[in-house]
Structure formats: C-alpha cells, structure tokens
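In what follows, chain A forms one complex with chain B and a second complex with chain C.
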Partner chain A sequence: MTPEQILEQCRDLVGQPLGAVAERWKAERPGGRVVAAYPVWTPAELVHAAGMLPLSLLGGGTSVELTHADARFQSFVCSIAKSTLELGFQDIVKGIDGFVFSNICDVARNLGSIYQRNFPGVFVEYLHLPQNSTSPGVTAYAASELRRLAAGFETAFGLTLTEAALTKAIEIYNVVRARVRALYAFRIAEPQKLSTTELYVALRATTLVPPEQAIAWLDALLDGLPRRDARPRDRLRVVIEGAFCEQPPLGLLEVLEEAGCYVVEDDLLLGWRWFTSDVPTDGDPFERLGAAYVNQSVPSSTRHEGREHRSAGLIEKVRRASATAVIFMPAKFCEPALFDYVLMKQGLERAGIPHMIVEFEEKMWTFERTRNEIETFVESMLFD
Partner chain B sequence: MATPVTERQYQGKVHEHSRRLMSAWMGELARAEAEGRTTGALMISGNCVELLRACHVLPMFPEVTALQNAIRHKSLPLILKAEQAGYSSDNCAYVKADMGLFLEGGMGPGKPMPFPNLIVCNYVGCNVYVKWFEHLADISGAKLFMLDVPFARTPEPTAADVQYVVGQLEELIALCEGFTGHTFDIDELREVLAHAARAEDGYARCKDLCKSHPAPFDAYFDSINMMGPINVLRGTREAADFFDVAVAEFAGLVGQGLGPLSEERFRTVVEGPPPYPYYKNFRNLFSKWGAVAVQSTYSTVGGIWEWGFRHDPARPLESIAEQMLRENLTNRSITARYQQIRRYVDEWKADALVIHSIKSCRLFSAGQGDMRDYFTRELGVPTLLVESDLEDPRYYAEAQLRNRIDAFFEALEHKKVVAAGTH
Partner chain C sequence: MVTAGIDIGHESVAVVLLHDTGPLGHATFVIAGEVGAVARCAFEQTLDRLGIERASIQRIFATGIGRENVALADGHRTPMLSHARGAHWWFPGTRTVIDVGAEGTRVMRCDAAGNLTDFALNDKCAAGSGVFLESVAEMLDVPLAEMGGLSLSGSRSVVLTSTCAVFAESEIVAEIHRGAARADILWGVHEALVAKIVATGRRVGIEPDLVLTGGVARNVGVVQALREQLRMDVAVPEHPEIAGALGAALLAREPAGAA
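Here is the complex of A and B:
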C-alpha cells in the first residue's frame, strides 16, 4: 500500500466512533474485551497481554455535542474531560468494557470517579503513577501498581494475565514505539514529506488497532514516505508543546503549517510513545515496566522529574530536532500545561529560544486569528 | 420573613486563642533566618507536620500565606503580578498569589517571608501542589523533596502504598538530619504524635458538638479558627491545649442553648473552600437567613478526625503514612466525598447542602455538578451550587450570589412552612 492509501485508512478509522471501533474488533473475537485509556500514559502492554484491545480515549473532538456533561463539569474545566463523560452518556463508547484513568491532574482524577458513578456497569480503574522519580522504593511501587491493574483485569473479566504474555506484549510495543521514533526522526530529517496532520492521524490510528496492525502501517509508511516527491520550503522549524492530553483540532495543526511552520517535534499522543528507548524484556516484566516508567519516560507535564529542570527536556527536543522556535499549545484550562508554560518559557528565554503561545479547545473551529498570530511570528523569525 | 436574624457578635476565647498561637508561629518564622533555624515548606492537605517538628524543622505553609493575603485584600495585585509573568488566568490563584509575593519582593532572603531551606511537597491528592512546589523550588533554589502519596483508589491503602510512603518518610528524616545536624529521635516523634492525637480528639469533639440544636459555632466559617491549630500547629502541646479550651467553650454554649446566630433556622453542610477575599460578606449572605453550617468538608482537608482516626505514637511512621494516604479529604475521590457529605447531612441533621464551587481549585470543584445531581436527584437533599474563588476577588459577584442564595433559602423556607402546615 502507498502512504496515501494507508493515511486514508487511518483518517477513516480516526473518524469513527470509539464504540464502533471496539464492536468491530469484538465481532471477530467472541468474548473479546476492549479497554480504553485516558491520556496521558496507560500501560497498553497489560491490556494486550490480557488478550484485550487497548484503545485511546481522547474525548469527543469536534463531533460530539455536550448535552449532559456540561451540567456535571463547570465552565472552567477543560473540554476533553467533559466530552469524555459525554461519550458515556450518549453511548458512543458502548462496547468498551473498561476505562483507565491516572493521576495526570485533578480534573482527570475526579473524572475517573464520576465516570464510575454514572456508568457502574463498566470496569473503571484509576492508576496512581509515581510522582517521585528518585526514591529507592519508587520502582517497586510502580511495579506493584501495574500488578494491581493486572489483578483488576483478571477479576473483572475472568481472564489470566501471565508474566510471559506481558513480556511478549512489551516486546511488541517496543517495536511499535521504535517505529514511531523512526517516523519522528524521518520528519525531523524531511518535514516536507510528512505533514503534522498526516503524522498525527497515522499515530492516532495506531492507538485504535492491535499493535501488529500498527506495525504493518508504520513499516509501510517508513518504506513509502522517503520516496515522496517534495521539495523543502523556507519554513520555520518549530516544536509543539502542551497538547499532550486534549486533542487539538486538525484544522489548527493545518493552520500551523499553512502559516509557514514545519512542526518537527511535538507532544501529541505522548503517552503512546512514552519511553525513550526499548523497555528491557529480561526478568520480571512488571518490574521492568515499572522501572521504565521511572527511568525511561519522556519528559511530561504530568510527571514530576526530580533529576532535571522542567525546561530541560524541551530544550533538548528543540536542539535534537534542529528547531528554531517553540509553539506552546496548551488546551484551555489545562492546569499542568499552563503551569509548566511559565517554567518552560523562562528556560527557553535563558537558552535564547523564541516561543509563542496558542491556546486551543477541541471544538475550536475558526483559526483566522491564530493564523495571523503565527504568520506574524514566523515572519518576524524568518526575515529577521 | 420573621424576626431578623443577628450575629451574636461573640468571638470568644477560641478566636483569640487561635490568633495568639498563629501569631506566635509566624513570629518564629519571621525570626527563623536570623536565628539560623531550618525551615521547611509543606502543604496543608494530609500533611506530615509532626515529622518536621520532630526533626526540628520549622514548618511553613505557603497556602496560609496566600489565604492571609486574600483575607487582607492583598491578593489581587499579587495575582496580577504573576499573570504578567506568564501565569494563566485559569491557574489556581493560590499559586499565583504566592509567586506574585516573590515577584513583588515580599518573599526571599531578608524579606518578611523567608525562602524555605527545604521544600517538602506532600503530594496528597492535589496535582497543583506538585507544580506549586516545583515553582517554589525554582525561585528559591531550595531542595525539593517530592513525597508521593498514592491516591485512595482501593477500599484500604495497599501494603505497597504504606511501604512506599513509609520509605519516603524515612528518607525525609535522613534529609532533615542533614539540614539541621540534629539526630532524629523516635521517642521525640512519639511525643509529638501524642500531642497531635490529643488535638485531633479535641477537634473531633468540637465538631461533634455541632450535632446540637443550635450548633455552638458555624462549622464552615468559624472552623477557620481551629484549622490553624489543627493543620499547622498539630503536634505541639499548645495546639492540644487549645482544643481543650475550645471544647469547654463550645460545650458551655451548648449548655446555654446558644449558637453563632440569634436563631438557627437552617442547618447546612457546606462543601468547598470559602471565598477568602470576601469572607465576611459571604457569611452575611447566609447569616441573614439564619443558616448555620453544622458541618463542612473544607474543615477536613488536613485530616478527617470525626470518624475516629488518630495518630498513634506506638506506630509512628505507619500512622503518619495512613493519615496521609487515607484520613484526609484531598486524597480521597470526589465520590468518596459524596459519602462523607451524606453522613454529615444524616448525622448532623442538616436541611440542605451548599456547594461553593471554586474556580481555582479543580480538586474540589471539577465535577460538582455531578455531586449536585447525586444529592438532589438521588437523595432528595436540597442543594445550592454557587461559584466564586478562594483567592481571586475578580470571581466574586456578590449580587449574583445573593440572588441565588436568597432564592434558595426562600424556597427552603416555603418548604418548611408547607411541611409544618401538613403536620
């Protein structure tokens, strides 16, 4: 298949209701179970190792009207929390058996329990992922939390999750992540051959299929994309930061490029490419995965890292991607992104890296003002 | 409406005593730098102040500084200063007021509020705590210790949870020893915990007295007098003694049939923090209706003592860990809070629930619409939801609040009259 054909398939899949994606997979596997994962990181490996399908749970995007959830969550709460709850009220996630939330922020925390209260028929788990990155007991704790999730799956669904299966799952997700890293490296090298919306759509589609299918798509893209015919343009190479949870509308990503940027790095769907390198597969897989969370995670606004400054990871990203500037893109009301903005911005300023901020909401539909702002920013940089 | 309700204008010993104790603590803080004492910043919720005390680290609480600035109407310029520096108008204003204080030159070496030597982030539920203390560490250069407390997500804390927290507490002890040069003595901690348990007992007894009709004090607005001693000074003999005085005073009021108002017409449970910049105004909106809070959730952010948990000198680190993990409001889920409130409504015989939704604080607020749905639809408890902020005066719209509150109590009064008529 050509990259265009794959991207078309991906676009089609991403546009489907989550419940329909789940039901279709289950139709071919009687008794199969599907578990949806709220951002940022959920160990998809565990879901897969239990023979279930992990799916990304990313809110309602532009398509779901709020009819119930806005009475539950106030106006000052981010959109993804509301629209995720709405998916439940409107039965759009019918067919999904389990939901996993974690301690990324206070909103997600409350959302998890409110989801459980309103939909008692499904399995809901809340993970407490470690915020302490250096204490001696952290990795053992992280492993215990993963074991707790595994035990939860076993009890709720009457299945068995063996260490051998988990090791295999880690292996296959290592392959997925390595391919995604390769795709990101390709975009850094030749951004003219892979637009951000294309990369985003492909990546998002890989969070809706079993890893084997994801690998097939990614391999075909890695094979076909270099042969695309596209000449590099005079554009500003930028890194997007802050869009790790609520999903920016595709229109906004398009506007960035139309306004003269090459997005060469970003934190979109960060949780699905969470580890900086392969997770070791020798020994106890729960411990390996727990240790990887502590020592091999990408920098993230939802995880405290005691070993480096908030801005260090971002600056490193800018350098690694040979970017010139950063576009902060926090979701409206997103507390972790908005707080980190301050420390990151100060770090960038110390390092002499220009930046701008564009807040978004998943339902944003006019981009003209943003386009103007970005164009002005780009012009000031390119013709300086 | 019948005879107008008035406040008794009786502050009593509790208020004065609390003020004295808190001023003494702030005096110590102000002198700490000059006296070369080690200071440690902590958060209020589910804190481990006893441990710092036993380690000879003087605790400081940025949340207390922030709320005091709000009460003194000084928070807005600080918030604006922080917003100029890049903080979003949508971020928790407590943090902004604290960072604004630094930017305004009110915090730092030689300033009225010193930098802490050590920053202990007791991450007990609130994710903003992590951010706040990262920022405080950034400006002060002080050592940040992230005390990660797993959220209450199982019926009881797991063995791994307790082990993880105890391990971090041991690490913290070693860290404090390095700072102070003082060798940790477990017996000293046991002594501190015994004082803490006595204060916890006293606080629980005070709140229990609010089951009386009328309640002797307002468990929302007046609890603030007790929240300093219980959350900040817990573990001192003075705080424990304070609660003996408080219990005696409130028991005396119960004996005389006196409450904070001339008449207690409505008994409410209040959920959510108060609007500190307009504390008195907000209170008046309820007082005029004779509405007295007989219980509140905000008064349990530091610890829930009314169900019987006490620090245990016989199991020092374990009981500190258990308190942080489970026995406080912030580390419990919002739906666990529904059950806490439900018990309050039942056992304290409340007529209504008042939810004060705080823009700054999503830990408390995100999803309170669902809470309202649960209480009104599933339990049939009259529930009022109003919105403002605990620190940012811009979100306090008095006319709007008054309308909502008046309409609610009018309806409640009408219901009472009808109910009385049918009996």
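Here is the complex of A and C:
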C-alpha cells in the first residue's frame, strides 16, 4: 500500500466512534475484551499480554455535544475529562469492557471514580504511578502497581496474564515504539514529506489496532514516505509542547503548518511512545516495565522527575530536532501543562530559544486568531 | 522604488503608496463586498486620486484580515508586523505599539530597528475594540468623532465595572436612567476600554516610546485615558488608521520581503 492509502485508512479509523472500533474487533474474536486507556501513559503491554485490545481513550474531540458532563464537572475542568465522561453517558464507548485512568492530575484522579460511580457495569482501574523518581523503592513500587493492575484484569475478566506473555508484549511494543521513533526521526530530517497532521493521524490510528497491525502500517510508511516528491520550504522549524493529554483538533495542526511552520517534534499522544529506548525483556517483566517507567520515560509534565530541571528535556528536544522555536500548546485548564509552562518558558529564555503560547480546546473550530498569531511569530523571525 | 501597502480591516481598507523618500499619498475606504474586489477598487481609486500609473508600482503587499485574498498583492504580512513597522517609521524610538481597530486590540513590542519582538492580542471579546465605542456612540446618540472630546469634559463620576461589552452596555443603560451626563458616561466608557487594552498590553510589557495606531487612536478620550492609566506619554500619528498599510508598503521594499 502507498503512504496515501495507509493514511486514508488511518484517517477513517480515527474518525470512528471508539465503541464501534471495539465492537468490530470483538466481532472477529468471540469472548475478546477491550480496555481503553486514558492519557497519558497506560501499560498497553499488560492489556495485550492478557489477550485484550488496548485502545486510546482521548475524549470526544469535535464530535460530541456535552449534555451530561457539564452537569457533573465544574466549568474550569478541561474538555477531555468532560467529553470522556460524555462518551460513557452517550453509549459511544459501549463495547469497551475496561477503562484505566492514572494520577496525571486532580481531574483525571477523580474522573476514574466518576466513571466507576456512573458506569458500574464496566471494569475501571486507577493506576497510582510513582511520582518520586529518586526514592530507593520507586522501581519496586512501580512494578507492584503493574502487578495490581494485572491482577485486576485477571479477576474482572477471568483470564490469566503470565510473565511470558508480558515479556512478548513488551517485545512487540518495543518494535512499535522503535518504528514510531524512526518516523519521528524521518520527519525531523524531511518534514516536507510528512505533515504533522499525517503523522498524528497515523500515530493515533496505531493506538486503535493491535500492535501487529500498527507495525505493518508504520513499516509501509517508513518504506514509502522517503519516495515522496516534496521540496523543502522556507519555514520555521518548531517543537510543540503541552498537548500530551487533550488532543488538539486536526484543523489547529493544519493551521500551524499553513502559517509557515514545520513541526519537527511534538508531544502529541506522548503516552504511546513513552520510552526513550527499548524496555529490556530479560528477567521479571513487571520489574523491567516498572524500572523503564522510572528511568526511561520521556520528559512529561505529568511525571515528576526531580533529577533535572523541567526545561532540560524540552531544550534537548529542540536541539535534537534542529528546531528554532517552541510553540507551547496547552489545553485550556490543563494544570500540569500550564504549571510547567512557567518553568519551561524561563528555561527557554535562558537558552535563547524563542517561544509562544497557543491555548486550545478539543472542540475549537475557528482558527483565524491562532493563524494570525502564528504567522506573526513566524514573520517576526523570518523577516527581522 | 515605489511600493504599495493595502490594509484590509474589519470595516475599512487603507491604501498607502510609498516612495523611497516617504509616502506619496494614502486613502481609506469603507469596506463593502468581497475582499479581493474591494482591495482592487481601493487601490485603483488611490492611484487615480494621486495621478499615479499602475506600472510605476513595483511591489504591493497586503495586510489585515483576508490579506491572503488580495490577488493583486505580491505578498502579504500580518497586521502586527505591519503596524510595528509603520509606527516605527513615524516614531523611530517606538518600543510599544498599541493598535485598536474595529474588532481587535493588538499590542506589539519592537526593538530599536523596528523588528517585532513580542505581541499580544485581545481575547475573543469586544470590550477593548472600536465596535464597542460605536455601539456606545449609538446608545448615547453622540457622533463617533465627537465622543473623545466630549468625554474630556466629563466629571469622572461614572465607573463601569464590567469587562464585557454586553454587560457594560447594561451598565450604561443604568447610568442613563440614573441621569448621568453623557460626558461622564463617555469618560467611564473610555476608562473601561483602556483598562482592557492595558491588561492585554501588560502580557508583553508596555515600554516607552508608546505609539497608538488604528482608527480608535483618533479618539482623544481614549488617548487621554491611556496616558493616565499608564502614566506614560502616548504618541499618535497624524493618520493612525493607515499605520498597517504604511508598514506593509515598507515591508514590500525590504530585501527579505519575498511573497
């Protein structure tokens, strides 16, 4: 298949209701289970090792009107939390057997409980990920949380999750992540051949299919994209930072490029490419996965690092991608992103890296103001 | 070299023709119809008025809203960059430019060379823009051009607390019913509008020299309120509504000004 054909498939899949994606997969596998993972990181390996399909749970995007969630959340709560709850009330996630949330922020912490209370018929688990990377017991703690999640799957669904199966799952997700890293490296080298919208749609589609299918798509893209005919343009190379949980509308990503940017790095769908290198597969896989969370995670506003300044990872990302500037793109009311914004902004200013901020909401539908701001930002650097 | 700048605003279009030595002339027109056609019509009428041949214009840049739709332009630039360049040309010491147009407020910071270094736009809100003043002028039955002067004679007894244009209108109605003088209400309106503008400006910092551009700069009440709230002198060009078009014409003659 050509990259265009794959991207068309991906776009079609991403546009489908999550419940329909789950039901279709289950129709081919009687007795199969599907577990949806709320951002940022959920160990898809565990879901896969239990013979289930992990899906990304990323809110309602532009397609869901809030008719229930607004009555249950305050007005200052981010859109993804509200629309994720709305998906449940409107039966859009019907067919999904389990939901996993984690302690990325106060809203997400409570969203898990709200789901449990409102939808008692489905399995809901809340993962307490470690927040202290320097504690001597942190790796053991992370592994114990993963074991607890695995035990929850076993009890809820009457299945067995073996260490051997988890090791195999880690191996296959290592392959997925390596392919994604290669695709990101390709975009850094030749951004004119892979737009951000295309990369995003492809990556998001890989979070809706088994890893084997994801690898097939990513391999075909890596094979076909270099043959695309596209000349580099005089554009500003930028890194997007802050959209790691709630996802921006595709129109906003398109506007970024139309306004004169090449997005060469981003933190979109960050949890699905969470590790900087392969997770080791020797020894106890729970220990290995837990240790990887502590020591091999990408920098994120939802994981307290404590060993280096918050801006260090971003500055390294800018340099590695040969970017010129950073566009902070936090979702409205996203506390982790907005708290970190101050620290990262100060770090960038010390390093002499220009930046700007564009807040978004998943249901944003008019982009003219943003286009104006980004064009001005680009012009201020290209035409000085 | 002769260049042209065309600034498409929400309510008007401005055209500036620029020679190496300075502006050859300018004109402004009320917008009616499709942007591309309006721009062409305004450009041609400006040429006619000034008696200049189309062939003598080497480069045309468009700015403002719908700038991409000006087919006759050789390139386009954003309003923020254009206003910064225009203001800096008039006042070389400019470090901050505040542009208050019909539907938006923009605050631009620039360096000694007139390069844009930072900027902020008002939020999706009419309270800091010209249409707010227009609606108040209508409510109080005062010609728009006379609002500023009349407000300066106000007693400063009216304070509008609302930061929303819709709610501010409700407050104005209440003041009318209370029997407040029009001049007092107008001063309160200008104070409220300027508070909104200043809040936008403080996101990027407001440093002297400060230049006010856009049609609202013709309102002396707004200028005075701005001076008082910022405790800073405010320079206003003779033709503040053409700052964007002038900036676009200046950008059109820069070597890096590829389309």
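Miscellaneous remarks
We take it that the second predicted complex is superposed on the first by the 384 of 384 C-alpha atoms of A that agree within 3 Å, B and C clash if a C-alpha of one lies under 4 Å from a C-alpha of the other, contacts with A are read in each partner's own complex, and residues count from 1 in each chain.
As a convention for this text, contacts are C-beta pairs under 8 Å (C-beta built on N, C-alpha and C of every residue); 3 or more make two chains touch, one makes a residue touch a chain.
Computed from a predicted structure; not experimentally measured.
Chain B and chain C, once both complexes are superposed via chain A, fit side by side.
In the superposition on chain A, A:T376 makes contact with chain C only, while chain B stays out of contact range. Using the contact criterion defined above for the overlaid structures, shared-chain residue A:A220 touches neither chain B nor chain C, since it reaches no partner. Measuring from the middle, so to speak, at the Cα centre of chain A, the directions to chain B and chain C differ by 80 degrees in steps of 10.
Annotation for chain A, partner touching more residues between chain B and chain C: B. Superposition on the common chain places the nearest Cα atoms of chain B and chain C 6 Å from each other. Those residues of chain C whose C-beta lies close enough to touch chain A in the complex are 65, 77-81, 113, 115-117, 119, 121, 124, 251, 254, 256-258.
By the touch criterion stated above, chain A contacts chain B in their complex at residues 70-74, 76-77, 81, 103-107, 109-114, 116-118, 125-128, 130-138, 140-141, 144-145, 148, 302, 304, 306, 309-310, 330, 332-333, 335-336, 338-343, 345-346.
Every residue of chain B that touches chain A in the complex is listed here, in rising order: 85-88, 90-92, 95, 123, 125-128, 130-131, 134-135, 138, 144, 146-148, 150-151, 153-154, 158, 160-161, 163-164, 167-168, 171, 333-336, 338, 357, 359, 361-363, 365-370, 373-374, 387.
Contact residues of chain A toward chain C in the complex are 234, 368-369, 372-373, 375-376, 379-380, 382-384.
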